[in-house]
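Input: structures, listed below.
Okay, so chain A shows up in both of these, paired with chain B first and chain C after.
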Partner chain A sequence: MSFILDYYNYWVVVFLMMTGFYIVISANNLVKKIAGLNIFQTSVFMLYISMGKVTGGTAPIVVEGVELYSNPLPHVLILTAIVVGVATTSVGLALIIRIKRAYGTVEENEFKNSDDAI
Partner chain B sequence: MAVLIDLVLLSMLALTALRIIFLKDLFAVVMLFGIYSFLSALIFINLDAVDVAFTEAAVGAGISTVLMLSTLALTGRKEKESKHSSILPFLVVTVTGAALIYGTIDMPPFGDANNPIHQHVAPRYIEQSPVEVGLPNMVTSVLASYRGFDTLGETVVVFAAMIGVLTLLSVRRKEDDEAPDSGLKSHRVLHVVAKIIIPFVILFALYVQFHGDYGPGGGFQAGVIAAAAIILYALVFGLPMALRVISPKFLQILAPLGVLLYASVGIYSMFMGGNFLDYNKLAHDPVHGQHYGIIIIELGVGITVFAVMLSIFYAFASQAERRNVS
Partner chain C sequence: MLEQHLAALPILLPLIAAPIVLLVGRSSLAWMVATLVSGFATIAAWQLLITCLASGSLSYAVGGWMAPWGIELRIDAANAFVLLAVTAISTLVLIYSKDSVAKEIESDKHLLFYTAHMLCLAGLSGILVTGDAFNLFVFLEISSLATYTLVSLASDRRCLTAAFRYLVMGTIGATFILIGVGMLYMKTGTLNMLDLSVRINLYESSRTINTGLAFVMVGVGIKLALFPLHMWLPPAYTHAPSAVTAFLASTATKVAVYVMIRFIFTIFGADHVFNDMGMDLILMVLAVVAIFKCSYMATVQNNVKTVLAFSSVAQIGYMVLGIALVSAAGLMAGLIHIFNHALMKGALFMAVGAVFYRVGSVNLQDFRGLGKHMPWTMAGFTLAGLSIIGVPLTVGFISKWYLVSAALDQGNWLVAVLVLLGSLLAVVYIGRILEAAYFQKLPEGTDPEQVKEVPYLMLVPMWILVIANLYFGIDTSLTTDAASAAAQWLFENSQTSVPQVMEMKP
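Here is the complex of A and B:
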């Protein structure tokens, strides 16, 4: 049981990462691909935060009488990554809107010229 | 108990992700993605990452859902059937996943205080930051002071993303202002409730901004929450009204202003004889200097994030509205 508890978080991270990966390579619609990329990204966030957790620790804000804190460094990295992530996602979505306008579709198999396929 | 919550929430997260694969209705995909973000935020709280949970709840469930929905308004909500077989992707994913699972066996066990990640800089941050920087929230200390240079880079990336979006999608021009009013005109209840809520959301954003040194929060979260307040206003009262309240031109001044405010603190500390972003030199007492530096750069981050999130929303929403009019 403790073996499962020791690694459960990491296994779920791998599962989510592969789910996101599968959506990115198999989805036909570009918006769905972006959703898949976001799932992939969140799984990386989950990996970092899981690694920063200390059993019995508390959130890294100083409180009197508490000795054990979780690691603040992954929190910092992921906090900024989330905001940067939504900013880059929006660039991706903006590109999709332009693709829709230029080609009339956002479905991968509907681009008329195979050279246009992305 | 915390372990049990962790197990249940992670399993729910995995199920949500699995469901997204099979859905062809993209509107449902976006809604599920909002649920997914909220679940992640809950997991982050359970794993002691309160600041991260805060950001994920505001960004993932708020801003990115709205942006994806406005994209769907332009591209259609149904995914068409693919003619490709899904066996090859499934095979690739299974093999990669199996290799990664095999790799996790070498990871140090979850939650052990002796893991390598807790041995290098982390003890210094945990033990020294309340003394050196003088703030109870270690995440803010590390974000704004120890890794201030890094955060400056992140702020610049967010700013660059705004330039990218505005290059691709232009915000509506003046002559389009004659377009019919949008928003939810007939929903009186929403109007009344939104009018009551919005001032408190903005007040809360200010609290998060300036209380981030002592509790969870900071410039990134505050900027997103403040932008969400204006987005709510735009959704309920219509985009033209929101454009009149805060014009895109004003936002295009605010966004670089925040970055410049941040960078100028660095330049100023160089003039005072320190390194770039060395807050110790900002006042006679190093700890006071740290306080001044962190408050100003968090303000810079807050202003930039607010302006960027809102102008990205304006760009997307005005595309969707233009289509509705034509």
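Here is the complex of A and C:
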């Protein structure tokens, strides 16, 4: 039981990661694929953020009377990764708009030519 | 002043140039700016290589923050060597792209093409020179996002689905690398590569670090199109504009191979990865399967760009095979093949782009009779094709020579024989194209006046690469010196902590 409870943040991460991954693989709709990709990336953000937590530590802002702070570096790293994720999503959605204009559909099984399957 | 900041120039120049290129407003002016900037980056890379060969490695603290706290740019013989190849190819492709892009990309997207190219170059240079594992991920995503855009610029609508597939696979790969780096940070508390290598060695065996290794290897495997994670590559290379394919085929996957080398040899340590984790066997099997499966796939394709794309996956197999041999000689063969393959594939894809420029499509039957009507293009294609096969006096022969002799040094006869057999498949897929070009006539109903030689701006960069294929195949001193210095450096620094174990390896 403690194996589950002590590492609950990792279980959340693993669950989200597999959910996102499954959506990317199984979804037929391209927008859903991008949503799955987002969930997948978010799980990694959670992994980083939860690893920065120091037991008993507070937010890393210098105030009087506080000695122990959480590690701010993973948070900063993940800010960068979030920006990367947003950029990826926007490029993906822009591509979907152009696919819709070119093919008239964003459903994978409606592409006529097998060359075009994703 | 400029000397001091030399290490940052290959990233900064293209990064600053990217918005300027977009703002200048005229396609020809944008082309000029982009080419000049890429040329300056090449000169900086050349200077860096000379400095590194003379004095070992070079460290540059970004923003004045000292490593391991700040981001460090770290340049040694290995990355200076690859950096020179990437920037030089970028410059040649840009010269080539003026006419090719005018033909293949709609005119309102020309500026975007040059901007994306500059961003991609900045990202690739950044991956090569950075000494920080997280920074590497950021540059990887900068170059990848620019790459997806570049692929989607073609006028054929199939480029869109190819780019989308590439985006999904590429993002999964990059996220895997991010997870791996996170695992390493969790255990060691540092992101600087040299600092990481020291701290990883403190642990006898850690499940966190081994999991990180697994994630990084799969992520890099997707990025470098290691069989069986290569499925994004053939459609992306086939449907992208020719100039983009020529650039990506000769740089993007090579940089990913470099990332793999850096993670194995500098960060995790060759001893841990190969002896404790047994990665050498996994990589070797995948590389050999890649060579045969993808060379075979290349022989049955109809579109010549797809043929060359599958051939690229097979050639990546040779590079990974060099790494998996676990010796300085094998690593050197891998590094030298990174450089040489960039020369071959750059020239081949430029020649195919030239055919597209005149004929309008690049299926096998479109190559009929081109030997007579586009003599210079097809002569260039032939020489670069012979180089892929590995005929003596070309760079392909040099790569295979070092790879086979590295395998024989270890008494690994099977690998040596397999490498040579793989070359036979290359004879088949290059031979089919040459047969169509030289022994068949121009199809009925084609106007011979239309099918003529391409403009000089396309021919000259192609022939510079072809001549480089021959020059470095005859006078190998520059490439072998740089590659063996790089391999020695990587290998020695990788085994300083546990030298006695490595010596047991034959």
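Annotations
The rule is simple: the second predicted complex is superposed on the first by the 115 of 118 C-alpha atoms of A that agree within 3 Å, B and C clash if a C-alpha of one lies under 4 Å from a C-alpha of the other, contacts with A are read in each partner's own complex, and residues count from 1 in each chain.
The rule is simple: a residue touches a chain if its C-beta (ideal position, glycine included) is under 8 Å from a C-beta of that chain, and two chains touch if they have at least 3 such contacts.
Please read these numbers as outputs of a predicted model, since none were measured by experiment.
Of the two partner chains placed around the shared chain by superposition, chain B is the only one that A:G57 touches, whereas chain C remains out of contact. Contacts of A:K33 after superposition on the shared chain: chain C is touched, whereas chain B is not. In the superposition on chain A, A:W11 makes contact with chain B only, while chain C stays out of contact range. Touch counts on chain A: comparing chain C and chain B, the chain ahead is B.
When the two structures are aligned on the shared chain, A:R98 is found in touch with chain B and with chain C.
In the superposed model, A:V66 lies in contact with neither chain B nor chain C. Of the two partner chains, chain C is the only one touched by A:Q41; chain B is not. Touched by chain B in one complex and by chain C in the other are residues 21, 30, 51, 74, 80-81, 84, 87-88, 91, 95-96, 98 of chain A.
Chain contact summary for the complex, chain A toward chain C: residues 21, 24, 30, 33, 37, 40-41, 44, 47-48, 51, 74, 77, 80-81, 84, 87-88, 91-92, 95-96, 98-99, 102-103, 111, 113, 115-118.
Partner chain B is touched in their complex by these residues of chain A: 5-12, 14-23, 25-32, 34-36, 38-39, 42, 45-46, 49-63, 68-76, 78-91, 93-98, 100, 106-110.
Against chain A, in their complex, chain C makes its touches with residues 134, 137-138, 141, 145, 148-149, 152, 157-158, 160-161, 163-165, 167-168, 171-172, 174-175, 178-179, 182, 185-186, 235.
Contacts from chain B toward chain A in the complex involve residues 3, 6-7, 10-11, 13-14, 17-18, 20-21, 26, 29-30, 33, 36-37, 40, 43-44, 47-52, 55-56, 59-60, 63-64, 67-68, 71-72, 74-76, 79-84, 86, 89-90, 92-94, 96-97, 100-101, 104-105, 107, 109-113, 115, 117-118, 121-122, 125-126, 130, 136-139, 141-143, 147, 150-151, 154, 157-158, 161-162, 164-165, 168-169, 214-216, 218, 220, 224, 305, 308-309, 312, 315-316, 319.
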